[in-house]
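Chain lettering (A, B, C and D) follows the sequence in which the chains are written, and residue indices restart at 1 in each chain.
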């Protein structure tokens, strides 16, 4: 059995940012983090580092709301999405509920009603406020929500100033910060969707983000990966969600995978070839979805004056034909792959390939035979950028890894209960916080959903 | 044939406030107002009076938004309701669209996009923006909407300063102001509903309005009205909506009608007697509605700690048992009447009775025989307050009066196209602007709707 | 006050068939019939006549199922419709439940379960079996249902052989027979709808019924009716449903009404003029219905090879352009009338005009002034056939007549509880049993429904 | 790498019944069968054997309809189910469409309309008749459908009498017979569901089937299976569906699996412990399903007079507490497993365990190490009955095996397009034809569906 993905190694590197290396997380937790909750209290340096990271993440979240008015922050354009204001409050609720209530002795709740209002889906904490009605909470207003954030910030600062601040607190803090980073991305996807409804086509950004991905006009190259039993997932000391563990073996057949994502130009070919009108290209449920939703193009595409435009965070922009196609559903990704004569990669194939791409010098068939001694290198050294463009739909259903057990306490409702009916996405997107991206990261959405920054990478069997 | 309701007389009295008495309105208009569009231009006094009324109504609308934040003003809690911000903009759109675009030569649109965004349902002006998504228009923001209002105000002032300002403009102005008064009431009903969703139970008013209607603990008296052919509706010079005309004859059988509305105490008896569980009391569609909506009490009632409370504009308040029951659907009103062994009045019975109540000295059977010479007196002289408490469900479907013709132009989509599936309500409510209430006024809602200020008056046949 | 419609007179004529003339029905009954329940027992002749009518109606119902297989009789193509087998059973259930259980001493229920299975909507008799699932009752099978019919027939024969058979029984028998005649028509409308779903286009009739109405290629003439106070409805001795009473006065403005129904050719003009695409022609709810239902032609029309065909009881047939347009909804009827510059008649106008049409010698304006002495003549004497083609949508909502009271017992759930949200249709159709048609008859359906044999007659104001 | 499942071996045994052993099926086919389509024509014996099997399967299908009336055979109680008559016709359509039209020269279609009516979901053959309306096809009637079956039978007999009947025909015949066996089971599950709606509680069987599974009152034993790389699926000569291939390696962690299914008694404990009211036991989508469906017990359970009954093919019967719980959804199976502190097996674990159970002498840990030389034995030799009781929900989503490719022709729409949103079930049920059951068989349904004969087997990790 080979061990191409030495998850622990990666984790140690990243872990250093987080004061890591202090042993393994508790097995029943929905995450693994850098502190051993059973160890002694945190050192002064550790607490300072944690506070520093806390302040950075919280500030980044605040900054995301800068271009938005109070009215913008209240928008909820569909039940799947949440208002920005709700994201701002819920992430604070998380720190309050899972840390401050239990670990800061004299902590005073900012408002007892918030316990109900900003609970997302933790049934063990009482019935959450009706999700599709989050946009109807004009009260508390935005100012109060920011006051709530500051109230929680002050309390966290007090907690981290305490000499007996425990490793368990550190673990929960890390979870809370990763949770907040997830909501940073959701905040952006949700405001993009909300703005897309408005005929005024409001722009969140003044100008389009620099598109590092343009110019992909060449056909992709294909990486061939030999059959073997690979290690998937991670259980090292560095932070990861519970659904990424336990690390375990997966036998893979030989496969090949494309070096880049499908472009808008390629997707347009599929459209112009009648892709949306040919049931044989689609999964049965996908075809039913096309019929019902009347979808004929990616979610944010509009045809105007003969040309294709796409609604983006910078408003309506002409479609860049050499950029990766984005905001497609799994059904569209799968149908495109069928049309192209390929398929989507499994999440396991994707994870193995991502590790290989990190070490371009191993990409020859010969080197691959030696991959057992392979040591991962920092992301920055990777030549072909494999992750961080768009979340890539895989052909894998979101299911527990062998040996997975969800935590028995409230935080345990984090990932496990969603392991049905959803598909795994890998890789992270251009709006995912950079230090939140991991090769072992498992994102998941329903196959019809397209409002996330989703794209398509092709794969195939070796024959 | 008798003429108990000399609509023209009423109209002349009210008309004097509006510079009325200048002949009849054009027959194809969705309203009738005080100026003859074919007459000469308005006098200086007339223009001054019109401006004065305009400024008063507009100021009143502005004031209604005082207790509300920008976020409050964006709430839309159901497709039937609209955000406050939308009401503020749409009423300005009405002046812009139907008056300024056509009658002010160099009028500059505030924003061409608003033509689409704030069109309510005038299909002849292009497809309106999707009604259930009005709450998703964070842009334009509240400040822009107020700027829009001021932009329209300045233009109207300029228009009324012109010496050749025509009577047609005056007629449209009067329609626009009545239209805005309708939205003043809707603004309040809609924010009440929106606030009712929020577990924080926000209050629009700091304290409950003085309840002039409490203390109705005595049984109602009954007014008996003899059979006759009565005149219903109005076509006089004073303003009225097109659906109130033409005035026409209706033969009525002898009937009796209660002197006051059904109280909360009486309605609670119905509830405690199992009224919501007895299908025989309900119309077939009403029973289906009860089953589906799970309604077991008036819309805003909540049982807490053994007592009944009602969500009001002043937040949650104990139910005042001697006040009229409010926020009931037609189905509930009809079922209550069946339970009580009575029925609802028709809109014609209601209108005749309302005129009689205005003249308490005519209430003896003897006097009624002389009613042909009866002249209406000002509302203030009426002893029993008959109108202005709650909109009273009648047993009449909302249908055109004999001879009714909707206007062929865009404004003609005002009332006529709703003449199906709705029931007539009469009388006006405690949140209807006082000078907007008329005995001939026909309000209309679907039989399941209860978020308006609706109540129940009983009637019966004479045997 | 005039008395154009001497309902009693009509009733006496028809009543003679039914052994009528025995005083008025009880006021609390959902119908009025020929016997006074308080009078002495029925005579031998009366019982014989009643039995004769019973046997005729029951035999007619049986005969309607002749062209159908057991599978056909089980079809239920939408919740509004019922299987033929269910109609056969329910009409027997009616006699069993309201007559035999109470008036035949030793009556043995055919099957106690049928009390639940074949209850249509009488909540006071227990919760009926779910209406949309009537098509799922393969058991009892058709043979058992016919055995049920015969079981009830034998019992009714025994009942009518008893010397002390009361007038109350006669009244209920008459109601039961009229009820069964209603279901004869529904049986045909429902099987037509069910067959319309089947791509094999099954025919119920071997050949099209002789179309007495073809050749209507001339423009209609218009009957002018002067204003007056007319008597509407009936309360005589002859049978009529409770919703047709009490007879009462209605003041009508002068109006005119077309001499024939709108033809397919005329309706096609409306279609070809874009009638289904012009929102201004439609009621607001009607336009929403067109959008949602995607209706673009009458319910059973299909365009094939460039021509229009209509699915009928005789299968698919070319549209006869000179026959009346049928199977239109109220929304379509109303939109057509708007397009044509006319309107639909009210049910009161229709009833008055129908009486006038019975006496063509009264059709001059002069004669109309004398109409107070007018005596109705038998239907057969009427020259222009005014009734019995199609049910004609009126502009009247289905509401109680002044003084209407539904019966307090179970049979009282017959008509009154449907008096909301539906529109009145008048006249009877080509599939209505001839002796079931009455000028005062009030049929009612929801404005979107079109599977009945419905048509359009135009009316207008006199100017 | 081990080869515990020597699919080919199994296949050869079964294959002998089918004239097997003639090489591998074409790779692009949605199935694999015993003939090499490229080989020479079939021998006389082979054709005789095929005909024999054909006649047996067809006769079995016919016999399933014996207890049913024409009306029963038309029932469709939900869109997921089909009428018996439709099953009878569709299975004939399959032979007609994929074999007779192409391989019998002068074949005359029974009725060209049937091509559309009885197409299930093969979009490449034209748009199928609307699935939820299959119950509305009273025509063709049952007699015609049986005539259709005989028409196809005669043609198949002629085809198999031809000397140049090819191996390709044999492969398609085998597919058609397996397809018909699938519908035999569906026919029973669908009529059970349809009868369950009828308050008369009709029984398909006169008496309950002999319950071989009662008496399971002892706790299950647990089989421990060591980690290894196992071969899953099959690609041998014997028939199997395309979704069972290619056979491929799967690395499995050590696991344990219960020796018997969960009983009704055990499931009732879960219910009585509040299992349906505790969100923490449920997947998120499962909890939403419980809330919406109001499910509180297995699909066919009813509580009557204090005891639990179950609606079965033999009508309503008391729940046998020692029999396996049946008609549960995946959500219920998963929640039960959580409550019990276990989990469901993956489909791979299930397949490995099923092979081991076939050879009880290998069940010691020692023997398992030698399992590579293991040869499967006939089912009859297996001591603990592992398959054929109920379809067992696994924790595996229904996805393609590595290397799976659906056929490009119409028959290729068989399995692949459903590989999304469904869960795999293994094992076969008491109503699955015995010779249709295979260890490698992959059944699949949506996680909320419970009208199949589904049950629960527990598994767990080894610690």
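Note that a contact is a pair of C-beta atoms (placed from the backbone, for glycine too) under 8 Å apart; a residue touches a chain by one contact, two chains touch by 3 or more.
Only a predicted model underlies this, so the values are computations on that prediction, with no experimental measurement involved.
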Next on the checklist: Considering only chains that satisfy the touch condition with chain B, which of them also satisfy it with chain C?
Outcome noted: none
Item to check | Of all other chains, the one whose Cα centre sits farthest from chain C | outcome: A
Checklist outcome for this item: CA centroids of chain B and chain D: separation to the nearest Å works out as 63
Checklist entry - With chain centres defined as C-alpha means, what is the inter-centre distance between chain A and chain B in Å? => result 51
Item to check | Rounded Å distance, chain A centre to chain D centre (Cα mean) | outcome: 38
Item to check | Multi-chain contact sites of chain D, meaning residues that touch two or more partners | outcome: none
Checklist entry - Should the pattern of chain-chain touching be classed as line, ring, star, complete or other? => result ring
Checklist outcome for this item: Chains touch one another in the pairs A-B, A-D, B-C, C-D
Checklist outcome for this item: Listed in rising order, the residues of chain C that touch chain D in the complex are 69-75, 77, 85, 113, 116-117, 129, 133, 135-142, 194, 197-200, 202
Checklist entry - So in the complex, which bits of chain C are touching chain B? => result 1, 121, 123-124, 229, 248-253, 279-280, 282-287, 330-331, 334, 395-397, 399-400, 402-403, 413, 417-421, 447, 461
